[in-house]
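Chain lettering (A, B, C, D, E, F and G) follows the sequence in which the chains are written, and residue indices restart at 1 in each chain.
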Amino acid sequence: MLEVSIFVSYVILSIALGLTFVRLVIGPSLPDRVVALEMIATLTVGFIAVYTLSSGVTAFLDVAMVLALTAFLAAVGFARLITKGGGVHHD
Amino acid sequence: MTDVVVSLFLLIGAGFMFVAALGLLRMPDLPMRLHATTKAGALGGGLMVIAVGLEFFGDVAVAARAAAIIIFIVLTAPIAAHLIGRAGYFVGLPMWSKTLKDELKDRYDPQNQVLLSPGEVSSEDKPDRDKAE
Amino acid sequence: MIGPLAWNILLAMLWMGFTGSFTGTNLFIGLALGYLVLAYALRGIPAFANYATKVPRTIRFIGFFLWELILSNLKVAYDVLTPTYYMKPGVIAFPLEARTDGEITIVANLISLTPGTLSLDVSSDRKVLYIHVMYLDDEAEVVKSLRYLEHRALEVLR
Amino acid sequence: MLLAILSGFLLATVAPAVHRQTGMNSGWVLAILPAALFLYFLSFLPAVGSGESIVISYPWVPGLDIQLSFLVDGLSLLFALLISGIGFFIVAYAGRYLEGHKDLGRFYVLILSFMASMLGLVLSDNLISLFVFWELTSITSYLLIGFNHEDATARRSALQGLFVTVGGGLALLTGLVMMAVVTGSYELSEILSSGDALRDHGWYVAIVLLVLLGCFTKSAQVPFHFWLPRAMAAPTPVSAYLHSATMVKAGVYLMARLNPSLGATDLWLILLGVFGALTMFTGVFMSIRSTGVKQVLAYSTVMALGTLTMLIGVGTDTAIMAAMAFLLAHSLYKGALFLIAGILDHEAGCKDFLQTGGLRHALPITATFAAIAALSLGGVIPMFGFVAKELLFEAVLEAPSLSGLLSLLTVASAILVVAVAAVVGIKPYWGPRVETPKTPHHEAPPAMLAGPAVLASLGLLFGVGVAMVDRGLLSAAAGAVYGSPVETYLSLWHGFNLPLMLSLLSLVLGLTIYFNWDRFRTATGFMDDLKRFGPERAYDKSMDGLVSISEWQTRVLQNGYLRYYLLTILLSTVALVTFSIARAGGLEIQMSLAGVRIQELAIVAVLLLAALVSVTTSSRLGAVASLGAVGFSVALIYVLFSAADVGITQVLVETLTVIMLVLVLFRLPGFLGLTPQALRIRDAVVALAFGVMVALLSLAASSTRFADSISEYFIRESEPSGFGRNIVNVILVDFRALDTLGEIVVLALAAVGVYAMIKLRAEDNRK
Amino acid sequence: MRPEVALPVVLPLLFGAISLALWRYRTAQRVIGVLGTGTLLAAAVWLLLATWRDGVLVMHMGNWQAPFGIVLVSDLLGAIMVVLAAISGLATAVYSLTAISKRHEHYGYYPLLHLLLAGVNGAFLTGDIFNMYVWFEVMLVASFALLILGGERAQMEGAIKYVTLNLVSSAIFLSGIGLLYGLTGTLNMADIADKLADVEDTGLITVIAMMFLVSFGIKAGAFPFFFWLPASYHTPQVAVSALFAALLTKVGVYALFRVFTLIFTQDVGYTHEILLWVAGATMLTGVLGAAAQYEFRRILSFHIISQIGYMIMGLALFTPLALVGGVFYIMHHIIVKANLFLVSGLVYRLKGTYELKELGGMYRSHPILGLLFLVPALSLAGIPPLSGFFAKFILIRAGVEAESWWIVFVALLVGLLTLYSMIKIWAEVFWKAQPEEHANRPAPGPKGTGVMYGTIAVMAAMTVFIGFGAQPIYLIAEQAAHQLLDPQIYIDAVLGDRS
Amino acid sequence: METLMAFVVGGLFAAAIYMMLRRSIVKLVIGLILLSNGANLLLFTQAGMLRGAPPLVPLGATQPEGVVADPLAQALILTAIVIGFGVLAFAVVLIHRAYEVVEADDMDQMKDTDT
Amino acid sequence: MQSLILRSASQLLLPLLLMFSIFLLLRGHDEPGGGFIAGLVAASAIALHMFAQDIHQAKRVLYADPRDLVGWGLVFGVISGVPAIFKGQAFFTSQWLEFTMPILGKIKVGTPLIFDIGVYLVVVGSVLLILLTLAEAED
């Protein structure tokens, strides 16, 4: 039961990753890409959750914890850049 | 029993993740993409982490970490969305053509980084501003 | 709210130390006992005055909020998953009742997490929250539900 | 012995101080040393004259078989006496000639050092110490030629001399080393007895060529003769000493020295004979074509050097004896004539024979000794030069082969020599008075006259009393060169024989040419055009060529374009690796995608695509964002394959990198489409090639494993010995703490560097 | 337990750390700068003597037995390099007392100096291939920072090339380590050598050897990887140039010596043949590059490259004598090249320019400096009896014995062309009269040049000593070469004699 | 998986090198980042890849149960990542400064020091 | 960046992250974490504060000059390897002390921990030195 769900989750997350990636590529603006990057981080948290379930090793949750923090930090950084006028008009 | 619950949380979470990703791709402008990722992403991630917490139910370390992750996601996702959303808005990214109204329009002065409320007068009209600034 | 909560957690920790059992169940027991101690034994101390009522109210609010969150997501999910768009987006100015920075922040974030609304920014005079709304079919209805959310949040916070 | 040789260097170090103390008498004071050395070497004469040779050895670098070992036999003694004896007069002379010159102190340093080097050269028994002194003479000579260093011509001439002689010296070094490898020793005293081993060895030809290259360049043999006349940029005492009496003879010395071990073959005879004869003729021909005082003398020196070389090549006992006699004669008269040339310059300001004439009244003593020296040069009886010339004719006439050619050139040269002798001995002093740049008021001071007087007189003395030098010194020297005692002895009068006839013939014809000197020069004017094809031209061309090649190379290789540097490096790497793989006959590779999970595939796909996007996107920040995606994917790979700490670190670092980029890129402009399509394709091909190479190596290395990893140890010992359950962290802070220490040092350094970069800029902006 | 093995690494780390911590106190940093490098020299000499007396010394850092922990190993080559590093470090520190401006001191000059030395010494002493990578990076980043201290355009441009190409080198190095680790499962160099010794199919190993060749070739400035060097070495503060010239490329050379005598000896006929070609091409391109230059430090920079060629030639010929020559060459070159840069700095100090065409008249005005230039310059060109002569002589003899005629020819030719460049500098800077139009260029002036003179004179004296006292140097080099040719000595010292 | 990773590593190297061959200094930096990722992953691949077995010792035990991933390689990579970060930080700022000085994002305008 | 929301959120996030960082530092020897990771998290926390508030606020929170952190952290790191030498052991041989404390039980304190703290300080100092300097330059 759980194995199947894990497999299915992996598949769903992989597809989601692909979709997000498309947004990352096509943009069109920097904020769009940043959102996509955020989403990738969130998906990574998801991957880690599934992986924790499938492997039974909980140590990887720490990675997810740090990931949640830093992805936010990156977004803040980008937002700061964009607000200052960088990277949108002459991108 | 646990397996079923865990699977449920996991699959629903993954489903929301998918929705978020698809929304990100399909939505026509930045704010709406943010709608998708902020809500569905946070919820999906949260549910999946809850699934982990349930699977290792009773293990304080896991529970604490799961809780921390969820709190973190819930805490940061809307802030990030706000930051990116406003940034995108202020630098003038076009909104979807079918947007009904925009009360924020022309309220932001990037020079002074002042955002006026609807009734306020634009700062340039205020006589007492220090011109040297 | 934060102070008493910290005390509560501390008491739970002590409980776990005394009993020498570091399990989730015991933590839960510790938290509950701590709550009882703070809510009843120390209710005379001003800092803990409202603690008794606040905790259940907070829990109720979280429940309410989670429900809203799920609802909002289902709505978005439907829109995302179906080929046609039902959105009628717009940006509205929502006059805030929240006053302190903390209140404004929490309200804004809650709004971002709930049905079809996304806080874009607070005006510099902190009177207005600009919100991007996804389904602006009936603006009054939207504002009303936002107001309701704000009230419930402030109730917990104040 | 060592002290005797080094004393010159030692005195050199204090010479400027001595000069300051003794003022105008410094020449005499400092000349005490060469005089003392002369006497010291003279004390060896009895022993050496009776056939002994003395070897004295001091260890230097025994590990390399380099000794400071010295050999005193006839040959080295002859040279040592010439060097110290003439050195005495030169130093004394220079004291007056350069009186008041601001660099006189430095001049002493150089000339004394040179003398010491020269002594070391001729006395060395060890080939390497010989070479050391050999090079020292080149360097000191360089500094002396360029003594008037603010003059560009002097600098150029000095460089030319140095370049030619050092270049030859390097060939010589190779030859010497090869000799040592063949014979197993660097000691001349041993090598001289290994002649057969050398001649039979496959390297013989190479050794001869290399050694001769060194000797020919040093002794200005054709085609390397061009540097010597140029070297006349040096002050006259230098020309007299280095470029007539001593340094240029170093090459001759070495050929003579090695004659027993390398000589007595056709190769040796032909090379030395032909090049020597050509040099002889070229020298004298150029000499008579010149009019500059020092030019004439310099070219006639070339002639003498050619003669000596030729004689060593001929190699019969007569020839060797002739060579030794000629060597002595030449040193005496050429030393005298150069010093007289200096007097002409010093007193009358004459640098060209055409500016001179009728000076016999103003400079009677000078004129007298000039005449005596010129007679010796011209080979007129009863001068010592005559003795030498007679023997020279005899030697070439009896040469074992090439006799005809050598004799012809010798006679032709002898004729021209007479003309040259007339030019230097007659032209300035006789005939009508010619207006000289300076009017001479008096004779030169005694210090300047002493040298010409003594040297010229010795030429006469030795001619009349041949026996004074014959049996002791010259026969010993000749014996050393010949390899066994020589039977030929000198005499002033041989009777009416063919050589005497030739002497007379040359005298007559030579004087004829002298009296038609102007016409002769005009008639041979076409020779100037030939210079364009001469060796000097080749030297100039190669110097220009060197600079051109250098510029070209810098333009091509060090072109300033970072991407071409990278391209070169990467392509070289690919080439090296590919070639090595091909040489190894391919690599063993096992490929298998079994067991790869779908999520892993997805992540890998995203990773690669993100990398691709970051490469191809035209949006700068889009590239940064894609980079973030790459980073997260990599982190996920770490996590999926059990590396938690690495995953966390990757995530953190990735984020901080993005933030940093964002902070920094803020000001930078967007990408420009700078490169044309074709170049982009080229770069892509290179990049792909490199990628494929790395992938192949990775596959090959994963498919092969020679031993188990030492990780087992850490896994086993982490908790018990490192007291930590996170094995990675225990490795980081304990098992391999040194790595971690280095790592934080890197971080600290980077921070300091960044801080400095930005703050220094800020400071500059404030200014 | 032999503390002397680790001191050359630990001391500069400690001094670097302390002077970093004392960043507010400039004087303290200057004092630590000189005292620290002085102490380092003492420690280095101690190490060399100990290694000379007792053979290869090993310290198992953290007391973890080899091959598990990191070992520091001092064989003679390593110890020699450490001494040379300490000498150049001390010379630079002393010279810097007047040569480095206050503001550069303020931004971390001395800590960078110490830590650079720590990196260099770490690389020389470590017996662990990954640890070597770490020290390489320490050295590299320290050198990056030193390079840009000043912030001028030329420094930026030079630094970008320097940084980029060296990072490529590092990446290739790291990849090579990864591949080696994949094959052998170990990082200890002795252990790697030991494990590779019995391998029969050596093709892959040789291929990996090429990665190391390229990586270290870049660091060493060998052909065709040297481009970063002429682009950058003439740009920083001259004291920094001198230190770089003395040490950095030599770390690459050292690494080549280490891995191609210890680890990659499976297919010497092939690998060392390639090294020989690299050596020849390096010599030639370096010296030719210099011929057209008219900037003091640029000429010197190009000559670093050609000199590197000689060192690699020693390694490539791979006979006992050739290795002696290589080691001897390194010793000679570090002293001489550092000194030449220091001389150029003094000339700049007095004249305010490095351009030969604008310089002149210094033989007249500063004869002592002229002499102090000639000693290292002629030594570099291999004029006897200075140090460079013996270095070249040994290599020539080794080349002759190996009958590698073309490399002998190249080595000699390059010697001649080196002389050409040195003489060019001499003629232009010292002999030529000062060109009128550049006579009044502003220069920092002679204040405080005494310290600089002193440093240069001591270095020149060392050059002379290596020449006249070549025997002890030769003996050390010979012993070092002996250890290099018999890797088992190193392996046994590190892993213990297991037979 | 090692096979797949070989492609990843090769791909990263190729991308990195392509970027470094561009004229833009910003692209150069991106290339450097990719390069260091590639090298790290190469090392990771070579250590052998194992799923779900982090090198941790369970509480109370002295050794992990069963086979765990190679901790040494992980420690090395961690070190390499940090070093790469330090170097990169420097490089990024250097490029920033170079840009300020040269005033163009074009390596071709930075070739004065060579010739 | 003038965002009220971020500013007030950062007041909450900062202590949270700093606690998290210390947690990672202390348990790094047993679970994922350690001085380096912890240092990066702490640096990130302050960087976030810098973005949310301003540079001065961030510096005030940090209190120490980042250069001091770098310098003294490095001193710590090197010094932790030295005690062994006084016991006649190789540099960086770890030295452990065992305490028995009430409640907490047996606690092992050793030089690797000091080393880890050194690493932590250097990382915090270096990263912040870079970020703060950059941010200052940008203004």
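The rule is short, and it goes like this: a residue touches a chain if its C-beta (ideal position, glycine included) is under 8 Å from a C-beta of that chain, and two chains touch if they have at least 3 such contacts.
Worth saying up front: this structure is predicted, and the values here are computed from it rather than measured.
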item: Number of hops, subunit E to subunit F, where each hop joins two touching chains; value: 1
item: Most remote chain, CA-based centroid, reference being subunit A; value: D
item: Chain whose Cα centroid lies at the greatest distance from that of subunit F; value: D
item: Contact-richer chain pair [B-C vs B-G]; value: B-C
item: Subunit B and subunit F, separation of their C-alpha mean positions in angstrom; value: 31
item: Inter-centroid spacing, subunit G versus subunit D (mean Cα positions, whole Å); value: 62
item: Centre distance in Å when subunit D and subunit E are each reduced to the mean of their C-alpha atoms; value: 26
item: Rounded Å distance, subunit B centre to subunit E centre (Cα mean); value: 56
item: Subunit E, residues touching no fewer than two other chains; value: 13, 16, 20, 61-62, 111, 130, 134, 137, 141, 144-145, 148, 151, 160-161, 164, 168, 175, 178-179, 181-182, 187, 227, 230-231
item: Residue numbers of subunit B (touch at least two other chains); value: 15, 22, 34, 42, 59, 68, 75, 77, 79, 82-83, 85-86
item: Where subunit D touches two or more other chains at once, by residue number; value: 554, 558, 560, 562, 566, 570, 601, 620, 640, 642, 644-645, 648-649, 652-653, 655-656, 659-660, 663-667, 669, 694, 698, 701-702, 709-711, 714, 725-726, 732, 734-755, 757-759, 761
item: Pairwise chain contacts, counting only pairs that touch as defined; value: A-B, A-D, A-F, A-G, B-C, B-G, C-G, D-E, D-F, D-G, E-F, E-G, F-G
item: Contact set on subunit F toward subunit G in their complex; value: 54, 56, 59, 78, 82, 86, 89, 93
item: Interfacial residue positions of subunit G with respect to subunit F in the complex; value: 30-32, 36, 126, 130, 134
item: Parts of subunit G lying in touch with subunit E, wherever the complex brings them together; value: 67-68, 70-72, 74-75, 77-79, 81-82, 84-85, 88-94
item: Of subunit E, residues touching subunit G in the complex; value: 1, 3, 6, 10, 13-14, 16-18, 20-23, 59-63, 111
item: Residue numbers on subunit E that touch subunit D, as the complex places them; value: 13, 16, 20, 61-62, 64, 67-70, 103, 107-108, 111-112, 115, 118-119, 122, 126, 130-131, 134-135, 137-138, 141-142, 144-145, 148-151, 160-161, 164-165, 168, 172, 175, 178-179, 181-188, 191, 195-196, 199, 201-204, 206-211, 213-214, 218, 224-225, 227-228, 230-231, 270, 274, 285, 288-293, 363, 367, 378, 383-385, 389-390, 393-394, 396-397, 400-401, 408, 412-413, 415-417, 419-420, 423, 427, 430-433, 470-471, 474-475, 478
